[in-house]
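In what follows, a structure is listed as structure tokens, so that the remarks can point back to it.
For reference, chains read A, B, C and D in written order, and residue numbers begin at 1 within each chain.
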């Protein structure tokens, strides 16, 4: 469905040199599939997202969605692409317009894509959507600032999903949330995927979350995909040293494992 | 899944302190005075009365009389409309120019932004009073010239601040999100960018009124703004200057009126600023 | 690092662990902040101790009061009101004069903060910032510089001597966090309070910083209070764990036991709600709702609105402390004492 | 390297600004109502004089040509000729400039000496009585019209209490030989202490008129940025080192607040040139400001515009210097001394 086809991108780094941010990235997301993209800060995760959404232009390669070339699409195709591919942001505080009510926020997509032309119809769809994400009708007239982080992320998901997109790109959607709330949002994303047949491209630095949510995983190191395979391949039998190093560094909530690993590292040096 | 909506984080309450309410009250009173001043002032403040020139303050003339025998107190009251409204007009005019420039720079292509911001930088680095003086001289001395001159020189700061804020707002995830949702350019600006950028100007306006009032009076004082018979405060000071050694109150009073206004608006600006950025609170 | 460390700690901890001599003893510490409308209690009556050389973790989510507690131990935040007792090596810190307290900071207790990017003065050289702790104590410029260099070496900052005169912007995130660590360690304190020291770092850098902290704490027998929200970090580092929820410590136990047999429903929920990188599960058990903000704390047991085992009593009566057979200090009505 | 590039950027910006100003002045000239040659020649000029002026200014040429000629004249330093004195504006301005500079330097020194200690104390004792009073004083000080303040100070200190001289730059007969054009400096060069004190006495009131709003603004910005730094994450580790309040304020907050403060001071010193129009007139001091005011009074439009151009150049240069100082204060820009692997 979404095909990221050999895209590369570099930025000027002064003195006529350029730093390679993305180097020949190939990544596909099929209908209903959940793909995880793992990388540390500065690995190029957000550039990939921006390219995939048509917000940034890759130097070479192309991104296509169901036959639409995202960067060279007609107005009509662009609008279709905008309806089918949505994004959930990392920071639930900055990703909702503070001056819009929940009703306006969630209903904006319906309005823009003319999916519901009457206000009453929009409201009904919004309420239905809010119920799906676990919020009630009383949320309609309230502003984002009166919600907690987890609730805002639900609103953000509702806003993205209400227009029934086919692909949801998630940019670290739980990393800004409290630990006890993360699971709620992760479960909600799983539910959405199961109920609506959503494809998900899940971009995160947190390997545990990616393992939990995604069946296919790609590992990004400084703009290059160094490992790409099924969840089991990547997590249980990693091939690339970078993947191994990352996996070994992820803290595991089990004191025996943690201490054993430290001992191992100390013996190694 | 059931979810408990938090009882916490209610809508921010206003909660003004006594000091803040006092300042708001004074500003409101100044506006009211400017509105009704000319109506409540007696008619004889525009005519000379050579029998009562340069009287010191007394029960009859609270702030004394000027060299034409006109009551200074009532002239101040009547003039407050000219002084305050002319100032507010200047600020409104240049804010509109600034907003137009900032919006064009934000939505326009890169070269428009570059061009407008270079022009703004040029405007910013020129001394406002001096250029206004030049413009007012060319237009011929009058209050209108002063207003036009200040409106033409005052906009760059507004444009620069607003454009910076709008650019920052443009980079906010919620604006990006709206673009991803397929929101049109116009809706993006009107619904997402502008409402979240303009409050930076509200703080600025209060400070601008304070500052502009001083410059406008200064222009009148040099003689390129309002002209003497006018009860505009700068012009009153200019007119009374010659007799300062015998009637200093005729200079002191209009100046004090300017100071009261300028201080009130500066304090208002300070309050608004602190409310936006609580780290400055004492 | 030698065999020594491995033997003393071992992969499997000794079943009976002698309580080390107490260094810090916090008794009924409460922290309040006065807002315009009301007095808000941020931390409610917490008591705990830290022994010499012991590594204790304080785990909690936003609003739990963990960072406020950490700062209160050094009286860093002058806007909050502290009550209770904080005994440090026989002295009650809360009754010290400001200058006596200043003398404790840096010298007896050091602190490391979350974000290494904003923890350093951009206009001061690394050397000067590390040496500042000593300069405040009146140590000569040359000696202070030498000791700053020694600490940076100890923290494995490469080419430390050349780098003394460089500025923070020339350092990477992990390097900056080492500098921040050096600032806290150069005064040779007995207690290091580390407030989310690795949250802003990538996992590999995080691991290295934690290893360093582990090594130094053993070598210097430095007590460490690690403040974090990440159960994974706790597991690999701490001897003992305290779980904080909404201003109270709800459970405390030896790390191994706490992870093996979590007692409080919150602790259990927290462990089950976190996905793991080493196993695949179908669905996470989630805790409903969100952590309360201090100004709107639920009555009784503050966790009761989110608790799946809540009983009638939970919403009205605040549970007292109980000791369970596994040795946990826990505040929950499920465990008698009442 | 980055440092040099930034400075050259500032230089280019300054040149562009001056070009913009020249264009503005040219447009103003074209906008003057009435016959331009008549205005340039002065109200009392006879037809022949007007014709010769028109020819000299090339008024018969196309506007674009006139504009280029105008720019060329500006480049040569020809700011036009005063109708009243028939002397080149530049010559006249050059003669009075030192006096204005003297006043501005003196005023900024006084202002800085007032503002810095006040801000440092206020920030150290935030929320205490001193802080509150200082803030109100600063707001009031910044909200006084300069010309009115000048008149009032002059009247009370000079006329009523007779503490200071009323107007002028030195008492009759005490002038030292004119070397620099600054009476105080000239007196010092001549080794004449009484003359120096005399000149200083004349300088003190006008300097205060400038120093008060200057100090008010500097105080407000410096206090705000000191508090900003003190409240930042950066200060917690410093406190945790055991640093005293004075150390936090002087060693950390002050250096970090200096950057914005110096740029503001640059802007304010530039603004003083504008204020000089009012203040120099009141105190009857020689200077760029009183020249401008006189030209306005005499309707000597060309002199006014020439002086506007001149003042614009001066302000741009002051701003340029302030920018360069700001750049030099920042180690992030000053250049890396050590090529450690940043990022």
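Heads up, the rule we're going with is that a contact is a pair of C-beta atoms (placed from the backbone, for glycine too) under 8 Å apart; a residue touches a chain by one contact, two chains touch by 3 or more.
The structure displayed is predicted, hence computed values, not measured ones.
Chemist: Please report the minimal path length, in steps, between subunit A and subunit D on the chain touch graph.
Modeler: Graph distance in the chain contact network comes out at 2.
Chemist: Which chain's mean C-alpha position is nearest the mean C-alpha position of the whole protein set?
Modeler: Nearest to the common C-alpha centre lies chain B.
Chemist: Comparing C-D against B-D, which pair counts more contacting C-beta pairs?
Modeler: Ranking B-D and C-D by C-beta contacts puts B-D first.
Chemist: What is the distance, in whole Å, between the centres of subunit B and subunit D, each centre taken as the mean of its C-alpha atoms?
Modeler: Distance between chain centres, rounded to whole Å: 23 Å.
Chemist: Between subunit C and subunit D, tell me the centre distance in angstrom, where each centre is the average of that chain's C-alpha atoms.
Modeler: 54
Chemist: Taking each chain's centre as the mean of its CA atoms, how far is subunit A from subunit B in angstrom?
Modeler: Centre separation, subunit A to subunit B: 47 Å.
Chemist: Of all the residues in subunit D, which ones touch at least 2 other chains?
Modeler: Those would be 343.
Chemist: Of all the residues in subunit B, which ones touch at least 2 other chains?
Modeler: 1-3, 6, 9, in rising order.
Chemist: Residues of subunit A that touch two or more other chains: which are they?
Modeler: Residues 148, 151, 184 of subunit A touch two or more partner chains.
Chemist: Considering only the defined contacts, which subunit B positions touch subunit A in the complex?
Modeler: Those in contact with subunit A are residues 1-3, 5-6, 9-12, 172-184, 187, 191-192, 195-196.
Chemist: Quick check: in the complex, which residue numbers of subunit B touch subunit D?
Modeler: Those residues of subunit B that touch subunit D are 118-119, 121-123, 125-131, 133-135, 137-140, 210, 214, 217-218, 221-224, 234, 237, 241, 244-245, 248, 251-252, 254-255, 258-259, 262-263, 265-267, 270, 279-282.
Chemist: Once bound in the complex, which stretches of subunit A touch subunit B?
Modeler: Residues 53, 55, 78-79, 82-83, 85-87, 89-91, 94-100, 108-109, 112-113, 134-136, 138-139, 143, 145-148, 151, 156, 159-160, 163, 184, 188.
Chemist: Looking at the complex, which residues from subunit C come into contact with subunit A?
Modeler: Interface residues on the subunit C side: 1, 5-6, 9-13, 61-62, 202-204, 206-207, 211, 214-215, 229-237, 255-256, 259, 266, 269-271, 273-278, 280-281, 283-288, 290-291, 306.
Chemist: Okay, in this complex, where on subunit A does subunit C touch?
Modeler: Residues 40-41, 148-151, 178-184, 186-187, 190, 205, 207-209, 211-212, 231-232, 235, 245-263, 265-267, 269.
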